[in-house]
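What follows is a set of structures for review.
Two complexes are shown next, each including chain A; its partner changes from chain B in the first to chain C in the second.
The block that comes next holds the complex of A and B.
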C-alpha cells in the first residue's frame, strides 16, 4: 500500500524539495538524524522490508567510509587526536566526515523514495504543464524503448538460429543495424498514425488524471509552514576550528520539532492510513 | 446522406507508370459498412489512404473526392482529423504513447480539448472498449489484439463520422480478429459510424458488410451487397478468397441467394443432391520417426506455472506437421524447445538431424541491405536455390521492399541455405493474403516431397487443412488430439474449417470447399 503516492504531484514535489533542501544545506546533525529515520521508515513502508534491511547496512558502511576518509584529506580543526605520517587527524574533521556521510545517505534515501513515489505519469504532468510537446516526446520514448529491446531480442534469436554459426559480437552488430532499420520503418507508421489523429494542429492541450483537491492544498500548506519554521531558527553548526553548537532557545527548538514532524509525515501518513484500513475491515 | 462521393478518381505513384487506382466512381452513404476486397497490390490501400487527406501518398492524382459535398482537398485539418479516422495494419507502431489512458487521450489533446472534456471522453471509451482493468498499465503489457482494439478506441474517442481500416486484423489471431470485427459492427450499429474496411480474410467479416466493393488492377469489378457480389464474381480468380459456402455455391448448380455463412451454407447443402457423401481418408504409412519429444515439462520461472505438461509427440520424415492451439497455449514455447533455445526441466527430445527455425516475423531473418548479401552470409552457392524460389529478380532488392509473400519465401530460402533436414515454422501465414498463402502452401508441399520435414505452429485452420499431412492440437500443456489432417478436422466440432462445419453430418470427412464441390459434382 502506498497512499502517500496518491497526493497531487505538485504537493509531492514540494514536499521532496523541502526535505531534500534542508537535508543537503542545513548540515546540522540533528536535522540529518531526523531525516535519516524519517526517510528510512517511509522507505520501509513503500518497498519490501528485506531490501530496506540490506540497504541500511549499505548506508552504515557508506557513513563509516566517509567518516574515515574525511580526516585524511582535511586537517582543519583544533582538537588533534593523533598523527599519521606527520598529518594531523582532528576530532572536528572526523565529526565533519560523519555528518557529511549522514547527509549523503539521507539524500540518497529521499531520492529513492522520490523514485518510487514519482512514476512516469507524475514526471509527465510536470513537463506537460509547460512543455506539452516535450512531454509527448518523453512518453513516446517510454513506449519506444521496450519495443526496441523486444525487437532486438527477436532478431538476435532469429540470427542465432539461422543455420550459420557466427561470432556473438558479429551477430549483435548485425542485429543492431537491423533493429535500427526496422524501427525507422515503424516510425513512418507512427508518424502517419499521429498525423491521422490531428497531431500538429495549433494549441495542443495536455491531459493528466490528477486533480488538485482541498486535501492536497491542506497538505501543501502544512508542508510549507513546517518548512518555514524549520528554517526560522538559527540552527547552523560550525565545525572548524571548534564546534559551535547553536543555542537551544525556543525558536531553535521549534525549528527542530517542525523538521522532526516534516520528516516523519509520509511515514505517519502511511501508518495512519494502514490503521484506518484495519479499523474499517474489523467493522465489516 | 452521402459521406464520400468519389468521382473519376485515378492515381499514379511517382515510381511507376501504371495507375494504382483507375477511374473509380462510387458513393458511400452515412452508416454504411463497406468492405473493400481484392488481391494484394490491387490498389485497396492506395484508395483508402486517398480518402484521408493527411495520408494521401505522393504521386499524380486525377479526379475528385468529396466528403459531405466538400472537396477533400479543401477540408480543414481539424475537421479532417476529427471526422475521418484511420486504422492501419500494424498494431504496435500505430501506438504513440506509453500508457493506455494517454493513448486514448492523444487525439483529443491534439484537438485542444479541455482537461475535463478529455477526462469524460476517455473514461467513456475506456469502458466501452473494455480497458477498465488495464487503464493505467503500460501499452507493452497488452496483447496484439488488445493493442489493435486500443487503436480503434483511441480513434473512436474523437467521435468520427467515418472510420477507415486498412487490413486491421492481418496481424491478429483468429479469436482476437473475431472480437475486433464484432466490436466494429457494434460501433456501426450503435453509433451509426460509417465503416470502410479492407480485408484479406473474409470468413468473419463478409456477412457483416452492407456493401462489398471488389478491386482488380485499380478498377472496380463489382460493387453490390455481399450476396450479389459473390454471384457476380463467379469464375474470377478472387473467388478463392470468398467464404467457403459462397465458393461452393458458385462451383455447383445451385439456385436462389448465395450463402455466405455456415448456417446458410448448410441450408443450401441440404437442398441439393450429392453424388457422394463420403471421402475416404488415406492412411499415413510413413513411420520413420526423425523427431520425437517425450514427456516434456517446461516452465519459464522456478515458481511460475507449467507451460508444457507431459507433452509427447513424434514427427515422421518428409511430413508436414501442423501444431494448432489457442494463444498462449505453449505452441511457440514447444517450437523453441525443439530448436534448442529453451531447455525442458524434464523429458527428452530426440532429434539427430539438423533443424532450422523461421520466426514469426520473416523480417527478422534479414540483417543486410540486399537479399544477395544476406544469402551470402550463410552460403555462397545461393544462386540455384534462389532461382528455385523464384527470387532471381530480387537479389539486389532490400528485403523490406518485398511484398509479404515474397518476403516469406525469401526467408525460407535463406534458412534452407544451411541445408537443414527439419524446418520449424512459427505462424508462417501471418499477414499473407489468400493467394500468397496458396503459393506458400503448395511450395512447402513440394519441399516435403523432396524429403524435407516441416513442423509448423499456426492458428490458421484453413491453411493447415489444405496443406498439412498431420495435425495436433495443443491444449493445457499437452497434445490432446492428433491425427491425419482429414480425420483431425472432421472429428473436431469447433476447432475446424468452415467447410467442415458446413458439411458436418452430410458429407463424411470433407474439410475444404473443394472437397464439398467434388462430392456434389461427382
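The block that comes next holds the complex of A and C.
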C-alpha cells in the first residue's frame, strides 16, 4: 500500500526536502541511523519485501566499501592505526568513511521512496504554474515515450517476420529510423491540430486534481515543527583531528527525538492507514 | 515584462547567493548541495527564455518528440550494453534546431529518462551536462553539419565532457569537498567506461544518426516551413 503519496505535492515535497537536508548536512551518525531505519521501513511498506531485503545487503556492502576506501583518500586525523606505503591510515578517517557511507545509503533510500511517491503528475503540478509551456512539453514527452516504444516494437516485429535476412543491429537501426520519421510526421499533425484549436492565442489554463486540504496543512505544519526542532540542538559531530561527540543536553535530546519522529512519519502513516483498512474490512 | 525582469534578477542573484550562503552556513559539507543547486539554477534562464520566446507550435511539439526519441532510444538500444544514444540525439537536436533547442532537449531528456531509471541528486547535474552539450552543438552547428571530422571530434569531446562533469559530481557527493585525489581516482576508474560507453558509442551513433536525422529534418523543414 502506498497511501502516503495521496498527500498534496507541496506537503510531500517539503517532507522529502527536510529529511534529505538533515540526512545530507547533519553528518551525525545518530541522525543517519534514525533516517536509515525510517526510510527503509517506509520503503518496505511501499515496495515488495524481497526487493528491500536484497537492497539492504547492497547498502551494507556500499557502507563497507566507502568505509574501507575513505582512509586511502583522506589522511587527516590524529589516531594513526597503521601505515600503507608511508600513507597513514587513521581511525578518524575510518569513522568518517563509515558515516559517509551511511549518509550515501540513506540519501539513496530516501530518493527511492521519493521516486515511488512523487510521480510525474506531481512534477507537472509544480511546473504548470510558473512554466506552463515547459509543462506542456514535459507532459507531451511523457506521452510520446511509451507511444514510440510501442510503434518501435510493431515495426521491429514486422521487419523480423518479413523474412528479410538482416542482422539484429541493422534491423534495430532501420526500425528506429522508421520510428523517427513516423514520430516527426505525427508531430506536425499534432501541432496543426493544436493550432486549429487555438493554442497560443490565449493564456493556457492548467488543471490539476490536487487540493490542499486541512489534512495536508496539518502534516506540513507537523513536519516543519519537527524539522526546526531537529535543527535546534547543537548536534554537529567533529571528526578531525579528534572524534568529538556533542554533549547530551536537553535540547540535543529533543532534537534527536524530533528527528526520530520525523523519519518515521511516513512509516507510521502507512501502518495507521493499513490498520484502518483492516479494521474497516473486518467490520464488513 | 516586469515579471520576466524580476525572474532574471532572481536568477542572477540566486546563484551567487546560494554559493555564499552555502559557504557561510555549512562550512564543512557544503560543496555537494551547493553544486546541485547551482547546476539546477543554471538551467532556469533557458527555461525562462523558452517561456518568453514566441516558439512556433511546431517547434514545441518537435522538442517533445526529440526528447522522447532520446529517452526511447535508451530503451531500444538497451540490448547493446553501454550504447545509449541520448548524447548523440541531444547533439543532433542542437545541430539542426539551434542552441536553445539543444539545451532544452538535453535537460528534459535527463529529467524524463530519470523517471524510468530513477531520480536522484544527480538529476540536476545530468540536466546541466546534457543541456550544455546540446547548447554548444547549436553554436558550432555549421561545421558540425558540413564536416564529418568535426562531428567525430565533437562526439568524443562531448563524451569526455559528460563523463568529467559526472565525475565532479561523484567526487563532491562522496567527499563534501572537492578532493583532487578522489577526482583522479574517479576518472581513472571510469576510464574504460568513458572510452567505451561515452566516446565510442557517441561517435558511432552520431555518424549513423546525423545523416539520418539530417535528411528527415531537411525534408520536414521544406515541407512544413518550421
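In this section, the second predicted complex is superposed on the first by the 281 of 284 C-alpha atoms of A that agree within 3 Å, B and C clash if a C-alpha of one lies under 4 Å from a C-alpha of the other, contacts with A are read in each partner's own complex, and residues count from 1 in each chain.
Keep in mind that, in the parts below, contacts are C-beta pairs under 8 Å (C-beta built on N, C-alpha and C of every residue); 3 or more make two chains touch, one makes a residue touch a chain.
All values derive from a computational prediction rather than experimental measurement.
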Give one word, clash or fit, describing how chain B and chain C relate on chain A after superposing.
-> fit
Based on the superposed arrangement, let me know which partner A:206 touches: chain B (first), chain C (second), both, or neither?
-> first
Applying the touch criterion given at the start, work out whether A:195 contacts chain B, chain C, both or neither, answering first, second, both or neither.
-> both
Quick note, chain A centre (C-alpha) to chain B and to chain C: the enclosed angle in degrees to the nearest 10 is 70
Considering only touches as defined above, state whether A:257 meets chain B (first), chain C (second), both or neither.
-> neither
Regarding the shared-chain residue A:157, is it in contact with chain B (first), chain C (second), both, or neither?
-> first
Should A:121 be classified as contacting the first partner (chain B), the second (chain C), both, or neither?
-> first
Touch check for A:27: first (chain B), second (chain C), both, or neither?
-> second
For A:56, is the partner it touches chain B (first), chain C (second), both, or none of the two (neither)?
-> neither
With the two structures laid over each other on chain A, which partner does A:133 touch: chain B (first), chain C (second), both, or neither?
-> second
With the two complexes superposed on chain A, say which partner A:73 touches: chain B (first), chain C (second), both, or neither.
-> second
Chain C versus chain B - closest C-alpha approach in the superposed model, Å = 9
Overlap of chain C and chain B interfaces on chain A (superposed complexes) | 120, 132, 136, 140, 142, 147, 177, 181, 186-187, 190, 194-195, 199-200
Touching residues (chain side chain A, partner chain B) in the complex | 120-121, 124, 132, 136, 139-140, 142-143, 146-147, 150-151, 154-155, 157-164, 166, 174-175, 177-178, 181-182, 185-187, 189-190, 192-209
Contact set on chain A toward chain C in their complex | 24-25, 27, 66, 73-74, 100, 104, 107-108, 111-112, 114-115, 118, 120, 123, 131-134, 136-138, 140-142, 144-145, 147-149, 152, 168-169, 172-173, 176-177, 179-181, 183-184, 186-188, 190-191, 194-195, 199-200, 236
Where on chain C is chain A touching in the complex?
-> 26, 28-29, 32-33, 47, 50-51, 55-58, 60-65, 67-69, 71-73, 75-77, 79-80, 104, 108, 111-112, 115-116, 118-121, 173-175, 179, 181-182, 185, 208, 212-213, 216-217, 220, 223-224
How about chain B: which of its residues touch chain A in the complex?
-> 52, 54-55, 77-78, 80-82, 85-86, 88, 90, 92-99, 101-102, 105-115, 118-119, 122, 136, 138-140, 151, 154-155, 158, 339-341, 354, 356-357, 359, 361, 363-368, 377-379, 400, 414-415, 417-420
